[in-house]
Amino acid sequence: MPLPWFPLPWIIVFVPWAGALALLALPREKPAALVNIAISAVGLVLALGLFGHPEGEQGWTRVDALNTPLVVLAFLIGLTTAIFSAGAVAQEGFDALRLRAYHGAFQLFMGAQALALLADNMGVMWVAIEIATLASVLMVAVHGTPAAIEAAWKLFILCGVGIALALLGTIFLYLAAQPLVRHGDGGLSWAVLHRVAAQCDPGVLNLAFIFLLVGYGTKAGLVPLHAWLPDAEAEGPIAISAVLSGLLLNAALHAVLRAKAIVGAHPGTVAPGPFLIGLGLASVLLAASALWRRRDARRFFAWSSIQHMGLAAVAFGFGGATANLAGLLHMLGHSLCKSAVFFGLGHAAQLKGTQKIAGIGGLVASHPGLGWGLAIAVAAVAGLPPFALFASEFLLLTEVVARAWWWSLPLGLGVMMAAAAKVQTLQLMCFGEPTPDAPDAPARWAEATTLGPLWLHLGLALLLGLALPGPLAALLAAAARIPG
Amino acid sequence: MALLSALAAQLLHITLMLLAAPLVVGVTRWLKARLMGRRGASPLQPLRDWAKLLRKRPVLAENASVISEAAPYAGFAACLLAIALVPSFAQGMALAPLGDLVLLAGLLTVARVALALAGMDVGTAFGGLGAAREMSFAAFAEPALLLCVLTFAILAGTTNLDAVAVAMRDGGLGLRVSLALAAVAMLAVAVAENARIPVDNPATHLELTMVHEAMLLESSGRHLALWEAQSALRLTLWLALLLAVFLPFGTAPAGSGPLAWVAGLLAWLLKMGALCLALAVFESAVAKMRVFRVPEFLGAALLLALLAVALLFVSTGLA
Amino acid sequence: MRPRHAGGVPSARCAWGHGELTFGQLPYDVAHLLGGGMLLLSFMLLYQRRIAAVINALAMQGAILAAAAAWQGFVQAAPQLYLTALIALAAKAVLIPLALRLAIRRLDLHRAAETALGIGPSLMAGVALVALAILVVLPITAGAHAIAREDMALALSVVLLGMLMMITRRNAILQVVGLMSMENGLILAAVGVTGMPLVVELSTAALVMVLLVVAGVFVFQIRERFDTVDIGLVEPHRGEQP
Amino acid sequence: MLTALALGITVLVMLAIAAVPLGRHSHGGAIIHGGCLLATLFLAGLALAALLAGPPETVMALPFGPPWGPALLALDGLSAWFLLLLGLIGAAASLYAIGAGPGPARALPPYPLFLAGMALTLAAADAFLLLLGFELMSLASWALVAQDHREAENRAAARLYLIFALLAGACLVPAFGLLAGQAGGLDFATLRAAPPDGWLAGAVLALGLVGAGAKAGLVPLHAWLPLAHPAAPSHVSALMSGAMTKIALYVLARLLLDLCGPAQPSWWGVPLLAVGAASALLGALRANMEDDIKTLLACSTIENLGFITMALGLALAFRGADLGPLAVLAAAAALLHALNHGVFKTLLFLAAGAITHGAGSRRLDRLGGLIHVMPVTALAALVGVAAAASLPPLSGFAGEWLLLQALLAGWKVADIAFQVVAAAATALAAMAAALAAAAMVRLYGLVFLGRPRSPRGAGAREVTAIERWSLLLPAGLTVLFGLFPGLLVQLAAPVLQLLTSAAVRPPASVLALTTAEGASAYYPLAVALLLGLALAALVLLVRRRSPGATQRGPVWNCGFIDPPAHLPFGDPLTQPTAGGIAQPLRRMLGGALLAAREQVEMPSPGDPRPARYEASFRDPSEPLLLAPLARLRDDITTQAERLRAFTIRRNLSLGFGLLVGLLVLLAWLEAR
C-alpha cells in the first residue's frame, strides 16, 4: 500500500524513459535486447503495483478501474514483445544506430503509453499521446526503406493533424470548465471536468467532443481516419506491429472514452454515443470488406485491428454498464490475441522470408508448433471460442440486439464477413503444401521467444474470456461504469 | 372363443390367399388369351410351372452370394405377412390389429428391396438395370399410395386396414368423388407395383423393356419358383386390397360365425373374378408404354391422389 | 441552463476583470483585432500563388500570433504567455520561414503552387468554413466570456482554413504551411482562453511536431508532394494491387 | 449427477490436452480413444439414469464463466435424450478409432474436444455456455475436417464448413439476444419465464431456423455437409453425421419448443415443415446420384434431418392448435428418429471406414463383391442399409412410422392452407423414403454385391476384430431399437412432456407404437416374429419339396463372354456402374431438381475412339445461393478497394470531410 505522496504512476512512466536513454547508449544487440527485457519486466512489476494503489487523481495522474487494467496489459504486452523482439531483431538487420533508435524508441513509446493512460490532466494526456506518436513514427521508419519511410510519413502527417485537432478539443474542454474552476490547473483535470461537466456549457462540450473524437479517433484507427494504420503496421519492424495494434490503439480509444465520459455527464449535450457508433460501424464494415482483398499478411491483420477497434467503439457508443463491459473486454482481448498473432506471424514471415500471405503456406505441416499456435491465435482473433473475443462479441451482439436490434444487422454482417475472411487467410497460411523457407532462417531459439509469448497471450485471453478471477471481474465491472 | 374364431379366420384367410394366388394369375392369363382369341393355358398352369421348377436344382452364378439364396425366401415371407393382413372374406381376423397400411407399404418395400438386391447380386447388366428401374418407380408409387392412405385416414380416422374396411362398408360414407379419384390412383399404383401392362409386360423377355423379369434372369429352380409365386401373391394382395377398401361389401363382420364367412367367401370370389376380368380386359386393351413414360403415368396417379385429398378437405369442410 | 458566473470574478492582479468584457473595451477590441488579422492572413495564404509570398504571409501570421499571445498575457496577467509569445515569435515568425525558404532553394521549388482545388473555389470554401465555425460557436451561451467565444470562432476558422490549405495544395511546402497555420490557430485558441494551464507546454509540444514535419521535408527530400511520395515510392513495395 | 456430468466433460477436455504430447506416442491414439470410449459410455449411462430416474431439477453454477456471471449447467429430459444419443455414438466411434489404428497426430487432440463441445452444448443451462459449446464443437470438428489439409478439396470443404458454422453462431447469438433482451437474463429459466411474442417471436423463429439449420445442413444451407463429412476420418464423419447435426436440432428444439414457450401460433410449424420436406427430398435424391460412399451417406443424413425437422415442425403446429396428443406423437417421432438415425448412420459411416480400410477406396465404381471377403462388415452394413431404407422391423421404420402417422393426422389442424401443406409434405416424405431405399439398395448392391471393379477392390480383406465389433455394436442397437421402439418412446416421456407441455401418455406401449387415439398401431416385435415364422415355415416346406442342393455355373445374363485373362475378377465394364444405376432417377427427377445433365459422345463410324457417356449434376444451392453471395461480396470489396489507393492528401481530405460533416451535423442538431 503506497503512501499517498508516493508517485507510483510517475515512476511507472519514467522507468521506461530512463531505460530509453540507457538503450540509446547501448550499441550491441544482445545486451540491448536483454536490457530491454529487463526494463519491461520492471515496468510490468511496477504496473502490477497499481492494483494495490488507491484510486483517484494524484496531481496530473490518476489511477482508477478504467486505466489500471489497460496499463497492466500494456506493460505485459511490452514485456512479451520485448522477449519476442529479442528473438526477432536479429533478422531485422539493423546497424548499431538503428538498433539504438529501435530499442530507445520502444521504451520511449512504452513510457508515453503509460502516461497517456495514467494521465488525469487532459493536456498531459495529449502530450503523452503525441510523444507516443513521435516514438511510433520513429519505430516505423527505423528500417529506412522507401516503403517504411512512406508509411512513417503517412502516420506522421495524418496523426499529426489528428493530434492538432485533439489539442483544439482539449482547449475547448477547458473553455467549457473555465467559468467553474477557480484554480487554473484543475481546468484540465479529468476528475474535475467530470465533476463539473453537468454545469458546463453544453455547446462547448459538444464542440470539444467532436474535435477529441476526430483527433484521438485518428490514432484509434477509426474509419475514415484509418489510412495510416495498415501501412504503419506492415512496414515497421515486426515486433512493433504488436505494440502498435496492441497498445497505441487502446490508448487512443481510452482517451476518447475519457472525453465521452465528460461530455456524457452533461444531460444537455448532443449524445456522444451515436457518433462513436457511426464511426465504429463504418470501421467494422469497411474492414470486413477490405480483409477480402489483402495479400500482405501484416496489412491483413492491421485491417482486422481496425475492425476490432470499430467493434469496441460501437460497444462504447451504446454505453451502459453491459455494453461498456463488452467494449472493455474487447479491447483487452483484442490486444492479447492480436499481438499473439503478430508474434506468430512475425516469426513465420522471418522463416519464409516474406510477409505475403501467398508466400506463407502450410505452416502446420512444416512447423507444427508455430502453425497450430498461429492458427489458434487467428481463430481467436476471428472471435471463435473459447477466447475473450468470443465472450465480448457475444455480449456485444446480445446487448445490441436487445437494445436496438436494427444495429445488429450491419454489425452481425460485418463480424460474419470479417470472420470468414480470417478463416480463409488462416487456412491459406497454415494449411496446404508448405512453401519453401527462406535461406537465412532465424535461430532455433527464436521459436521459443515466439511461442512462449504467443501461448502466454492465448492463455490469458482464455482466462479473460472464460475464467476471469473474481476481483478482476469486479474491477472490469467498475471500469465499465466509468465511461457512462 | 372370439380369439379362436379370429385365429381360424386368419388361417383360413392365409390358405385362401395361397390358393388364390396361382389361380388369379392363371385366370387372368387365361382370360387374356380368350380375349385375344387364343385358347390359352388352363388357369392351373402356374401351379404346374412352380411344381416343375421346385423339382429342378437351382443353378447359381459362381460369384452369387448368400443374398441370391436368402432373398427369395425373405421376399416371399414379407409378401405372405403383408397379404395375411389384408382382410378377404371376414374382418376382425387375428392379425387385424397389426394390419396397418403404412406397415403394409413397408412390407412391400422389404419384398422389393429383396428382389432388387437379388438382381444386383451377380453383378450383371440386366440385374442392375431392372433393380434401378424397380426402385425408381417406387419413388412415384409410394407417395401416391400414401396419399390414398391419407384419404382413408381422413374418412376413417385411422390407417388400420381392418378399421378402414369397416368404415368403408358401413361408415355411411356414400359415393364420394375423392374416393373415386383415390381408387383410380390406387389402381395405377397396383398396376405399376405388379409390373403389369402398361408399366411392364410380365410375359415378355425383350431385355430393354424389362423391369421385373430382368432381376430374375439369374435365378432358377426353387428360387425362380419362389419369385414367381411371390409376384403372383403380390398381385393377389393388391387386388384384395382394392376389394377390401373400395368394395368391402358382403365381407363378414368381425366375430361373425362360419355362415357369414361362407357368404363373405362367395362374395369375395365373385369380386375377385370380376376384378381379374377387368384386369384382363384392360391389359389386352392397352399397349405397354416406354419405360421413361412410367413416371408420368405414376405422376398422374400421384396428382389424382393429391386432388382427392384436396377435394376431401373442401367437401368435408374440415377447414 | 446558464452557468454561474463563479469564474467571472476578476482576479486581484488584473487590470481589467475578465468576466464582463464586451465590445468597446480595449482588451477585447485588441484581441479581436489580432485574431481577425490572423484569419485575414489565413485567407492570404489561401489566396497567394507564389510560394515565397505564402511563406511571408505565414511569417506575418506567426508574428501576429506572438502579439496576440503577448496581449493576452498582459490582459490575463499571465506571465507565462509572454514566454509563449516569445517562442512563437522566434520559431514561427523567424526560424521556420527561413528554413522553408532554404528548403525551397534546396529543392528548387521556385514555382507557383499547384492546387488541387482552384484558388477561387478554395477561397469560397474558406468563407463557407468561417461561416460554419461561427455557426457552431454561436450556440455557446454568452455566459462564457464573449472574448473567449469570439476568439474561439476565429481560432476555429484559422484551424479549418489551415486544414483546407493542407488538402487543396499539392506542394509539400505548402502543406507544411497549412499545418503550421493550423497550429497557429490552436495556439490562438489556447492563449485566448483565460487561465488556460499548460499553455506553454502544449504550444511547445505542438511546435515540436511542426518542426519535425519541416525536418521531415528536409530529411526525406520530399520534392513534389505527398501524392508522389505516397504512390511513387510505395506501389512497388506494397504488393496490394488487387 | 450434474457434478458427474461436469466431471465427464472435464475428463474429455483433459484428454484433449493430454492428446497433444501423446500424439507422437505409438499407443497415444489407443489411450486417448479408449479414454473417450469410457467417457462417452459414462455420459450415456448418466443420460440413461437421468431419463429413468427423472432428471435433476437443480442447476449447477460452474466455477468458471464469462466475466459477467457464472456459466450454468443443467440436465433436463431433452438434454439427457440427446446426451444418450451422443454417448452411444461416441462410444461406437471411439471403439472404431481404437481399431482403426493411429491416425495423424494432429487429428488426435480435436477429437475429445469435439465430444466435449457437444456434451457442453447439451449440458448448458444458459445461452452463453450453449453457444460456447456449439462453436467449440464447430471449431474442433473443423480441425478434424481439415486434418488431411494437403488435399485442396478438403481445405475448401473445411473453409466452407467453418464459415457456415460461423453463420450459425452469428444467427443464434442474436436469437438468444432477442430473448434475453426482454427476459433480462441469459439463463434458460429466465428466458423461459418471459416467452416472446409478435414480431419478436417471428424474428427468433427465423434466426433460430437459419442458425440451427446452417449447422444441421438443412436445405438450402446444406452445401457444406456433403463436402465436409467425407473429408474427415470415418469415425469423425460418423460423429458429425450422427451426433453433431442432431445437436444442432437440439438447439432448434430447445429454442423454439422450449424457450419460446408453448403459446406460439400454429403457423410456426410451417417453415420447419417446408424446410424439412425440401431437405428430405433433395438429400434423398442426391444420395442416388453421388458415387462416393461417404458423400452418399452424408446426403442421406440431410434427408433424415429433414424428416426430424418435419416432425418438429408438426409438433409446433399441433401444439399451437391445442392438439396435445398429436403434438406428443410428432415430438416422439422426432426424438425416436433422431436416436435411430444417429445409431444406424454411425454404423454406416463406420462401415464406410471399414470399406476404405479393407478395399482401399470410397468410390462405388472401384468396389464390388465385398460380401465375399468382408462378411461381417457386409452383415453389419446390411442391417444399417435396411434401417436407412426404413424397412420393418428395423429401427429406421419405427421413427418413420410415427412421422407418417403424424403427417397423416396433419389435416386435424383446422386450416386449409396447413392441411394442403401437410398433404404435400406427406407425399414428399413418402417419396423421400422411397428414394432413400433406392439409394441404399444402390449403395449395398454396388459395394458388396456383384464382382470387384478394380484390382485393389479384388484384393480387399476383412478389417480388424475391434473394427468389426465397433460395427456390430451399433448394428445390434439398430435391431434392438427397431424391435422395442415403444420402450424408447416411454423412456422419452419426460422429454415429450417438456417439448409439448401437454400431459399426455406417450404414444406407445411396451410392444407397440400407437397413434394419438391408438386407432392404429405398429407391433415391431410381432412383425419380426411373424416374419421369422413365415420364413421358417417357408424354408421347411420348400426344402421338403425341393431337396436338391444348389449348383454353381457361369453367369448367364442372356449370354456373357468370359472375362479376358488379365482381368481375373471379370471385366468391370460388364457390370452396372454407379452412374448407370442412377440413370432412371437422374432422368425422372434429377433434371428437374438437380440440373442433372447427360451427354453421349458417339464417335463417327470407323473412328476407333470409344464412345463416351458423361453424366453430371449441380446442387441448386450452389448457383442459387453461394455463387450470388460470392459475387456480391466481390463487388462490394472492389468498391471498397478504391479507398485504399488514396494519397495522403486524399486521406487528409477524408478526415477533413468527416470533421466538417460532424460540425455541420452538430450545428444542425443544436439549431433544432
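Order of writing sets the labels: A, B, C and D. Residues in every chain begin at 1.
Just so we're on the same page, contacts are C-beta pairs under 8 Å (C-beta built on N, C-alpha and C of every residue); 3 or more make two chains touch, one makes a residue touch a chain.
Keep in mind it's a predicted model, so treat the numbers as computed, not measured.
Chain centroids computed from C-alpha atoms place D closest to the centre of all protein C-alpha atoms shown. By number of C-beta pairs in contact, B-D leads over the other of C-D and B-D.
Per-chain CA centroids place subunit A at a distance of 77 Å from subunit B.
Separating the CA-averaged centres of subunit C and subunit D is a span of 69 Å.
Remark: subunit B and subunit D have CA centroids separated by 35 Å (rounded to whole angstrom). Mean C-alpha positions place subunit A and subunit C at a centre distance of 31 Å.
For subunit C, the set of residues touching two or more other chains reads 136, 139, 163, 166, 175, 226, 229-230, 240, 242.
Contacts with at least two other chains are made by residues 153-154, 157, 161, 165, 203, 207, 293 of subunit A. In subunit D, 641, 644, 648, 652, 659, 663, 666, 670 are the positions where the chain touches two or more neighbouring chains simultaneously. Looking at which chains touch one another, you get A-C, A-D, B-D, C-D. Note for the complex: subunit D touches subunit B at residues 368-369, 371-372, 386, 389-392, 397, 401, 404-405, 408-409, 411-412, 414-416, 419-420, 423-424, 426-431, 433-435, 437-438, 440-442, 444-446, 448-451, 515, 517, 519-523, 526-527, 530-531, 534-535, 538-539, 542, 545-546, 548-558, 560, 570, 574-576, 580-585, 587-589. Listed in rising order, the residues of subunit C touching subunit A in the complex are 1, 3-8, 136-137, 139-141, 143-145, 148, 152, 155-156, 159, 163, 166, 175, 179, 182-183, 185-186, 189-190, 193-198, 201-202, 205-206, 208-209, 212-213, 216, 220, 222, 226, 229-230, 233-234, 237-240, 242. Those residues of subunit D lying in contact with subunit C across their complex are 638, 641, 644-645, 647-649, 652-653, 656, 659-660, 663-664, 666-667, 670-671.
Here subunit C touches subunit D in the complex through residues 116, 129, 132-133, 135-136, 139, 160, 163-164, 166-167, 170, 175, 225-227, 229-231, 240, 242, going by the rule given at the top. The residues of subunit D lying in touch with subunit A in their complex are 63-68, 106, 127-128, 131-132, 135-136, 139, 146, 149-150, 152, 155, 158-159, 162-163, 166-167, 170, 173-174, 176-178, 180-182, 186, 203, 633-634, 636-637, 639-641, 643-644, 646, 648, 651-652, 654-655, 657-659, 662-663, 666, 669-670.
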